[in-house]
C-alpha cells in the first residue's frame, strides 16, 4: 500500500504537455529558452540572407546597436526583480546625457561629461526611488510622471540646436571604452545579482515581500540599492548615447523606456520579479530585438511592417516563456 | 435610518461635485488675475471644453475598466487609432454622417478590444506585456493598411453634430450612465466586482472570469474609439503613428482616471467620479492655455500636480494613523501612570 | 489551445514574410541595361503623404529604369536611429544614403560614418556653419544637400501678403513657428521666411532677432517698432495643449492672420472656424502644406465668410525634390561627382522652388499631377536632365538650372 | 427521503495532479441523516474527494451518483444549485464586496429584473440567510472587509446554508471559529442530519471529529483505509490508521526540564502597539519554551509580531538583554539572532515559487560568504543540504520550488531556514497549523531539541494541548493582556486555562 506513494509506481504515462511542462519548469529554462530562441532567429536570418547575416560587420553592428538598450535593460533588471517597474529610464538617460553634454560644453572635458552623466543618472533614479519608498507611491506611477517631467526638462534644456559634444573626441572613446565599460558593468551586475546577498535579497523581496521582511531583509535598503545599480547603468547608457551620436537632441531617450521593457521581457525576465529574475535577460532581449530589426530589413521587409513583426515575435516568445496560469494574470502595480 | 443614509449620500454627491467646482473657482481666479480672461470665456471655449471632456471621460473610463482588475492595457492608444481611422473612413465613405462615424469607430474600436481580450485570455501573459505587443501590432496594422493615411473629419459633410455641445453632453451622460449601469447595477458589474476581489473564488462560484475579462477589453476598445472620434473632431485629422507613441494617450489619461477614482469614492460611484476628474483636468489644461504657458511647462505642471495628488492619495491614511497613534501613546502613558503606584 | 495559438501566430509571420517578399519588387531588367545596379537607403523622418509618394516613385518608377534598389527606414526621430539605419543599410549592401533627417550638427559625423562604410551621403538640407566641415572635407563621399530656395519661398509669402493686406486696416499675426525651437530645418526655414516677409511688407523692425523669436520654446510676442501684434507660437499640433493654446490666442480677438510653418493645415480647421464664429471675424490662414487630402480638404472647405479655410499655402512637388536627391546620389555613384561640387571645391547644395497655391482650383490642378506613375512631375525626361550619365557635360550649375526649369508653366505644358 | 438512504455515491474515483496520485480508486457512500467524518493526514485526499463532489474540481476518472442519478458537476455553482454545498478550508469570501454579494456569489440571476440587479432584494435575502443560522451581528449590506476572519467564516456558512443544501461539507472550518461560532456550526450540522440531510465534516482535530460525527472514514495517500461507526471510535486506533504505523498516545515532550530562570534573554517593557497590546510586559528566559495561548483575537499574534519588530511598538520597548539591543525592526531582530515563524505559512514564511534551497539559504547570506561579499556556492549548498537531510524534507532536489511541496514539508522548510540560522530566540506563531500528525511530532522534537541547546522559544498557539504539552511556562491572554500565568512544574489545569481565556 505504502508504495502507492512512490512516483515510479503506477505513474500515469506522461503526455506531451506534461513533458513540456517538465522542461518548462526546469530551473534553467528561463535562462536557456530566450538564448536558444535568439540562436534560432539568428540561424533563420542566416539562411534567409544567404549567409550575409553571419558577416562580422553585421555582428559588430548588432552588438553596437543593442549596446545602449542592453545596458539599460541590464540596469532595470534590478528594479524588475523586486516587482517594481520603471519605464522612465529612457528619459532619465536622456536628461542625464543632456546635463552631461552641457557640462562638456562648459568644461570641454570628456571626463567631466562622463562623471556628470553618471551622477545625474544615479541621482534621478534615486529620486524615483525615494518617491516610491518614502511616499509609498507605486513605482509604475512614479515612472509615468517622471517620464513626462524629465522629458519636458530635457526638451527645455536642449533648445533648438542639439547640444554638441565633439564627436571626434567621442569617436576616440567610442570603441574600446564602450566595450570595456559595458563588459565591466555587465560582469559586476551579473556577480552582484547572482553571487552576492544584494541580488538574493532583491529576488527574495520580489518573491514575497512579507517573507523577506521576516527574514530580516530591509526592503527599503534593498530597493534603494537596486535603484543605485540601475542608476549606474542608466547613467552609463547616457554616456554611451553621447559617445555614439556626439550630440544630444530634444527627443533623446523618449520612448526608450518601452524599448527597454520590451527587451527585458523578451530576454526572459518576468515583470513580477522574484526567483526567476536574472540580469542578462536584458542583454539577450536587446540583442534579439536588434537581430530582428536588422534581419528583417536585410531580407527586404518594408520598414513599416517591421514593427508588426516585432510585436508578433514578442508575443509568441513571451507566451512560450511564461507559465500559463489557471486564472488571468493581474498585478496591482499593474 | 433611510434618512441618515440619504443624508450621507447627499453629502457624498455634494463633495463629488465640489471638487471640480473648487478647481474651477481656483482656475478662474488665476486666469482673471494673470491673463485677464475667464477660463471659459465664450461658446468656443465651452465647445472645446466639452469636446476634450468627452474624450477624457471616455479614455479614462476605458483605462479604469481594466486597471481596476489589475490589468494595465497599454494598447488602448493604438486601439483608439485603429478604431477612429478605420471606422471614420468607412463611415465617411458610406456618407453616414457624424453619428455614423462615432458608431462605426466604436464598433471597430470594440473589435480591436475584443481581439486584444481574446488574445489575452488565451495567452495569459501579463497585461502590460500583452499591451506592448498589441500596441506594436495595432499601430503597424493602422499604418500599413490604407497606405499610411489617417482620417480627416474637418469640413466633412454631416460631422458637425460631433461639435454640437448638446450632443456632446448627451454622449458624456450616456457614457457615464451606461458605464455606471454596467459596472454598478448589472449582473456583469456584480461579477466584475467579485472577480476584482478574487479571481479564484469568483471562478469557483461559477462566474466565467474569461468572458468577463474579454468584455472589459471590448468595452475599453469601444470607449477609446469614442474618445478618438472627439479628439479627431477637435484636431481636424488623425494620422497614424508608429513606435509605440500611441501609449502617450494612456499615460495622459491616467491623471483624470486616478483623480476620478478618488472623487468617485465620496459618492461610491466611480464612473461619475471619472467624469468629475475629467472636468478638473480639462479645466486645468484650458486655464494653462489661457495663460499662454509653454507646452513643456504645462507638461511639467500637470504631471507634478498628478504626482502631488498620488502622494496625497497614498499617504492620506497616514494622517489618521498618526492621530490614532498619538491618542494611543497618551493612553499608554496614562495606563503606565495608573499602574505605577499600584 | 496553446499549441494552436502558437501555430496561428507563427503562420501569421510566415504569411507576412511571404507577402513581403512578393511585394518587395526588385529591379527587373526592363530598364536601361547600363550595367551596374545600385542600392540606395532612404532615411525617412516622418512617414506621411510625402513618404508614401516618394516610396512609390522610387520603387516603381525610378528603380526599374535606372537599375536601382531602394530601402526605406522606419521613422527616424533621433540621430541614433539614423545611425542604426545607416549601419544596417551598409550591411544590406547599400551604396548610398539619402538622408531626410538633416540636422546640421550631425552632418560631419554621418559623412564620416558613410565614408567608413564606403557609401555616398546626400542630405535634405543646406550648407551652414554647423556642417561646414562635411561640405568641405568629405566631398568624395558627401554629395551635398538639396533644399528649398529660401529667399524664393520668402518671396511667395511676401507677394501674397502685399497683394492681400489692406494697408488701411490694422492686421495682427500669429506665426506658428512649429518645431523651429527643436531644430526642425524645414520649419525653421519657413518661419524665418514668414517673419522676414512681414518685416519687408510693413518695413518694421523686431526688437529681438528673428533667430531668437523662432527658437523660443514658449509663445512669445514679436514686439516691433510699428506696433503690429505678432505672436510667435511654437509647437506641434499633436502635442497636448497646443490646439487649446492656439484657440485661446485667437479668441483674444487680436489676430486675424495665422501663418503656419508646420504642416498643421489638417489640424487647425476646427479651431479657426470656431474662433471665427465666436468673434464674427474672418481669419486668414497662410501655411505650408504638401499635396494630399489634408490640404485639399482645407482649400475646399469654406468658412462662414465664404473663404477657404486656408487661403494660401506653399507647396512642393515631392517627386521633384526626391528626384534631386536621387540624382545627386546617382551622379556620385556613376563617377560624376563633379556635378555635386561647387566652384569653391565644397559640396554643392541644389535648390528647388516652392509654388504658391491660393485657390482650390489651382490646388486641384497641381494636385492631380504628382499622383501616379503616369503623372509624376519628375518624369524620366526630368530625371535624365539631372543625370550626368544621360546629359553629357552636365555641371553643378547646369543641374541647378535644370531644376529651376521644372516650374508650374513647364509642367502644365507637359501635362497637357 | 428516509434516513440512511444513500444520497451520494462515488465509485472508483481517481484524481491525478500531473504525476502525483491524489485519489486512488476511492469508493464511498454518503447517507442521509448522518454526519460523516473524514480524517487523514495532509495530502491524504479528503479535501480532494469532497471538492470533486462539490464541483470545485473534476475527477480524472470514476463515477459519482447523486440521488441515484449520475453526477458530474462542472462548477461549484452547479453543485450548489443541485443541493451540494461546501464550506472550504481557505478563506471563501471576497473582502471587497458586500456580505450579500458574497452570500449569493455567482448566483445573482434570481434578483435580476431586466439587466438591473435588485440590491435591496438581495440584501434582504442575505440578511434572512444570516438570521436563519443564528448570526445577528452581521449586516448583509456592509462591505465584507469590515468583518473579522471568524465573522467572514460565518458568512460563508450562511452562504452555503442559504441554498438549503441536501448535503454540505464542512472542510476544516472550525479552526477559524471561536467557541460561539463552533456552536452555531455544530447545531447546524446536527439539525441538518436530523432533517434527513447529509453532512460531511473534515477536521484535523480528532476530539472534535469523534464527538460530532456518526461515522468516520479514514483516508491515507488517496485510499480509504477504513470506515468506523461511532461506537467503535478509539483515538489511538484512528491515529494509527491515519498514519499507517503505531504512534504513542502522546507526542509532546514528557520531561520536566527547567530553564535558566534568572537569565532573561528577551524583555518586553510595557509595550503598546496600535492594536490589542497596551502596556504589555514579558520576559523570556534562556532555554525556556514560553507558551502563549488564548482565543485567536486575544492579541497573542500581535505580540509575536511586536516582539520581532514587525508591528510598530509605539510606546515601551522590546530589548534583547545580551547586547542590550532595542528591537525596532525585523532587520535588527534578525541581525541579533532572533527568528520568527509566521502563522501564515504560504503568504509570509515562504517564497512559494522560489526553490527549497533559496528559501533555506535566505537566512545565511552573511554566513555563506566566501571571498569578500561573494557567496560561496559550496558553503551555501552545504547550508541547504544539511537542513534538507536532517529534517528529511521530501523532495527531488533543493532546486524544486517550494510550491510543489505538501503542507508539512513546506513547514519543514520554514523550520530548516531558522534552524540553519541558529537563532537564539525563536518566535513560533502556530508552527503546527495545517500540519499532519507525523510532521507535528517531528516539529515538537525539534522545538524540544532547540530548548535543550539553550535556545529560547516563544510558542504562540491556538491549540491548548500543544501549549500544555510543550511549554515550560504558559501565559494565557485575553483582550491584549495576560490573564493567567502557569508553570509546567506545577502542572497545567485545563479548566483553569480555559477560564482565563473566556
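Think of it as A, B, C and D in the order they're written, each chain with its own count starting at 1.
What we mean here is this: contacts are C-beta pairs under 8 Å (C-beta built on N, C-alpha and C of every residue); 3 or more make two chains touch, one makes a residue touch a chain.
This one's a predicted model, so the numbers in the text were calculated from it and none came from an experiment.
Between the contact lists of subunit A and subunit D, the overlap consists of B. Here the chain-to-chain distance from subunit C to subunit D, counted in touching steps, is 2. Judged by contacting C-beta pairs, the busier of the interfaces B-D and B-C is B-C. Compared with subunit A, the chain whose C-alpha mean position is the greatest distance off is D. Between the CA-based centres of subunit B and subunit D the separation comes to 43 Å, rounded to the whole angstrom.
Remark: subunit A and subunit C have CA centroids separated by 36 Å (rounded to whole angstrom). Here the spacing of subunit A and subunit B, counted between their Cα centres, is 30 Å.
For subunit A, the set of residues touching two or more other chains reads 155-156, 302, 304-305, 307-308, 312, 315, 319, 324.
Contact with two or more other chains is made by residues 2, 5, 47, 74, 77, 217 of subunit C. Subunit B has residues 123, 143, 148, 242-243, 294, 296-297, 299 in contact with two or more other chains. All chain pairs in contact, by the document's touch criterion: A-B, A-C, A-D, B-C, B-D. Against subunit D, in their complex, subunit A makes its touches with residues 1-2, 4-5, 7, 10-12, 14, 18, 21, 25, 27, 191, 195-198, 200-201, 203-204, 207-208, 210-218, 221, 274-276. Of all the residues in subunit D, the ones that touch subunit A in their complex are 16, 18-21, 24, 220-223, 244, 308, 310, 329-331, 333-335, 340, 342, 344, 347-355, 358, 361-363, 365-366, 369, 373-375, 399, 401, 417. Interface residues of subunit B, counted against subunit D in their complex, comprise 181, 185-187, 189-191, 193-194, 196-198, 201-202, 204-207, 321, 324-325, 328-329, 331-333, 335-336, 339.
Subunit C contributes residues 2, 5-6, 9-10, 12-13, 16-17, 20-21, 23-24, 44, 47, 71-74, 77-80, 83-85, 87-93, 103, 105-106, 108-109, 112, 130, 180-183, 188, 214-215, 217 to its touches with subunit A in the complex. By the touch criterion given at the top, residues 85, 131, 135-138, 140-142, 144-145, 147-149, 151-153, 155-156, 255, 258, 261-262, 265, 270-272, 302, 304-305, 307-308, 310-312, 314-315, 318-319, 322, 324-325, 327-332, 334 of subunit A touch subunit B in their complex.
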